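What follows is a single structure, written as structure tokens, with notes after it.
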Amino acid sequence: MSAIPEVKPAKSYKPRSRDVIAARVAADIPEGAYVNLGIGLPVMVGNHLPPGKEIFLHSENGILGMGPAPTKGEEDWDLINAGKQPVTLLTGGSYFHHADSFSMMRGGHLDICVLGAFQVSVTGDLANWHTGAPDAIPAVGGAMDLAVGAKKVYVMMEHLTKTGESKLVKACTYPLTGVGVVSRVYTDLATIDITPEGLAAVDIVEGLSIEELSRLTGLPVRAPK
Amino acid sequence: MSAIPEVKPAKSYKPRSRDVIAARVAADIPEGAYVNLGIGLPVMVGNHLPPGKEIFLHSENGILGMGPAPTKGEEDWDLINAGKQPVTLLTGGSYFHHADSFSMMRGGHLDICVLGAFQVSVTGDLANWHTGAPDAIPAVGGAMDLAVGAKKVYVMMEHLTKTGESKLVKACTYPLTGVGVVSRVYTDLATIDITPEGLAAVDIVEGLSIEELSRLTGLPVRAPK
Amino acid sequence: MINKIVNSIAESLADVKDGSTVLIGGFGGAGMPNELIDGLIAQGARELTVVNNNAGNGEVGLAALLREGRVRKLICSFPRQADAHHFESLYRAGKVELELVPQGNLAERMRAAGAGIGAFFCPTAYGTDLAKGKETREINGKHYVLEYPIHGDVALIKAEKGDRWGNLVYHKAARNFGPVIAAAAKCAVAQVYETVDLGNLDPENIVTPGIFVQRVVKVAREQALKEAA
Amino acid sequence: MINKIVNSIAESLADVKDGSTVLIGGFGGAGMPNELIDGLIAQGARELTVVNNNAGNGEVGLAALLREGRVRKLICSFPRQADAHHFESLYRAGKVELELVPQGNLAERMRAAGAGIGAFFCPTAYGTDLAKGKETREINGKHYVLEYPIHGDVALIKAEKGDRWGNLVYHKAARNFGPVIAAAAKCAVAQVYETVDLGNLDPENIVTPGIFVQRVVKVAREQALKEAA
């Protein structure tokens, strides 16, 4: 029997880069919004906020109206963000203590927070603080406070793990950060709303079909309207 | 039968004036104490604080380091005390909001508060906010917060009602402000500690015996040591 | 550009609905937003639940709002005052409901609303009539009463200066409930004597950050009103 | 005359006892009172329960206190950091206990301690491992976890300026936990870069009123230390 070589179909789409995802998130942030960008990937959203719009960045350590990184040599180590990197303050910004800062979160005063994630479930459960590995040093920071507090919780993450498993899951296997808190997920493959009826794509990268997206996700995803 | 006229014994003592009571309270306030003087009678204590000692007066409406009344014409109606009378701020004083102000009370940061009272019980129950009259407009202000919060609650009051009944009682008949909160009572007749063993006089006005004080109080009062 | 400064008191209160809970700052006359309350009277909203430390003084502000019959319920710590006669008549006539709350609980319950706390155990009023019917608990040998947040639809605040982002500073003890009610209400409206450029308020000294404030409106300084209050 | 300014760090910490709960301000290096922590190491107190947002960085401050084996238990929100190796080794060796607390709960639990609140229902961490075994309650359709105050015996604070009555102001985001832990501890000690005369701090702008502060001690400004932190 002569073997007919199996032809693997060429990938018909290109995943979005992190910068493109960040820009996509930024496009959903309206002028005047009070926004907290979580440490890690979400910080990149700050680089894509349209310069013409006034958007208020909150930092958990007591800053409202956070500005971009200072120029080299101008760092003030008393003015850092949640990731402990030096930042600046916009004209009109303010400082306050930690209890007030978390009142802003928990009290529902933030319009949007953007968080990274290990997993997000179809019901909006978020897992982003602990891999569950028994030898890991656990660390939670402000993630659980943000998850329950912000009016909208957006997640920014790779769609698949390095081993190809979907990070959008039926039920999180990693320890939870919050229950039913995520509104929308931005990945390198699509923007997906968490709705009471399941996952609903808002947009998909060019060349990726809704069927293939659903297959990769391991869950049904409704096509964009 | 010829009547022998009954001779009423001359009162052998003179009750203390309000100013003398206030001065007596003031003498118990050590330098550096944080003190709240309730509205009414206790305000008079402020006039008797020794000028050489630094004592910090707190006002529930967000003032620490309250000073005396301003001179006529210098009133600022944004700087008033709990009784809504114009006051001043000492150099070194500060302003803060109501939640912080009551944290100072409830959190046990005030050393002493001085309150007026309708009744105080032998177990330190305080009744000072409501006569219980069904047609009275009830009003409580900060009295209940002060009663549970200050490290020491001192009461300044007349010993007897206008009809001659003791305001120190076995159990309050007026509605309570706080349960087991009063440490010491200053009256026109005596200074009396509320102790686990009952009432214990600290001092008595000249000419009044401990027996007569007990009789007037309707309760046993131990003699001063 | 975000500009929370509105041009008139009427505009700042245009959408207040009948039946709203209105948190009003001030302790006695200090920090009492009389101009905003006058605006609320003109606006016409009825059946209001009003939260304020007192029950109005004389004929202005909250006293006038009560007089006009707009208040269904008052949540308050100290309604008894020589010049609170409008409240007194309405209360005696059964035309206004009163929820009497110790002053610190008033502040802390609104603080809880702003901070997203569901309820808290508070020692104040334990064993008194004002805790009757409430859940209690002994914690570490001390007795507490469970208290719930007071959320507002609208907060009316008197501040000294404000900028277009809603940052506020106050004047002396007129600060009182202002920062607390700003965070506790869906829509916080602040009257100020001065609107200032962004950056004019030192970021270290801003008392109420703009996130808690939705509208700022400038009013003229009326010394007479202040003294009457 | 009341003078809370003490002459040396040694004097400011002389009475810290073994087994104390020490609340330490700072978020990362900002607001971290390294000089006071060095003083605590020199003072020698052991078996401490330390509350701080992090678990020390590099070799200074809290990291050094951990390295010296003085900490029995750490209450903390984010102990995992590249340069928190002293904590990491001790933790892996079972030589330090960790209570992991969401950052906002850390702040609010200390705020509750300072405000005399017995416990509070908080939505944070509901349904997660960090709420396991804790009492929960549904209030108005939302789920809450009951949280208890964290009281301190001592608070170590880094502020910018202080006066002899203990009034403090901070510098930018170094404020973070400072005002909260001052109120939560029996004895709050503040290191400042400047001690100022009474009246130098504007009463409108004092961030921590002196009632919450027991001792103030001046330290030299060490730019190097700040950057290392």
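The letters A, B, C and D name the chains in turn, as written, and every chain counts its residues from 1.
Convention: a residue touches a chain if its C-beta (ideal position, glycine included) is under 8 Å from a C-beta of that chain, and two chains touch if they have at least 3 such contacts.
The structure presented is a predicted model; accordingly, all values stated were derived computationally and were not measured.
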**OP:** Figure out the least number of contact steps between subunit A and subunit B, where 1 means they touch directly.
**Re:** 2
Original post:
Of all chains present, which has the mean Cα position farthest from that of subunit D?
Top reply: B
Original post:
Where the CA atoms of subunit C average out and where those of subunit D average out, how many Å apart are those spots?
Top reply: 33
**OP:** List the centre-to-centre spacing of subunit B and subunit D in whole Å, with centres computed as mean CA coordinates.
**Re:** 37
Subject >> Residues of subunit D touching at least two other chains >> reply: 108, 115-117, 122-123, 170-172, 203-204, 207
**OP:** Could you list which residues of subunit A touch at least two other chains?
**Re:** 89, 95-96, 99, 102, 105-106, 148-149
**OP:** Could you please write down every pair of chains that are in touch?
**Re:** A-C, A-D, B-C, B-D, C-D
Original post:
Which residues of subunit C touch subunit A in their complex?
Top reply: 1-2, 113-117, 163-165, 167, 183, 198-199, 201, 203-204, 206, 209-212
Subject >> Residues of subunit D defined as touching subunit A within the complex >> reply: 27-31, 77-81, 84, 87-88, 91-92, 98, 100-108, 110-111, 122-130, 143, 170-180, 207, 226-227, 229
**OP:** Could you pull out which subunit A residues touch subunit D in their complex?
**Re:** 59-63, 76-80, 84, 89, 95-99, 101-102, 105-106, 130, 135-145, 148-149, 175-179
Original post:
Which of the residues in subunit D end up touching subunit C in this complex?
Top reply: 108, 112, 115-123, 137, 139-140, 142, 144, 148, 169-172, 202-205, 207
Subject >> subunit C contact footprint on subunit A (complex, rising order) >> reply: 31-32, 34, 54, 56, 58, 64-65, 89, 91-96, 99-100, 102-110, 148-149
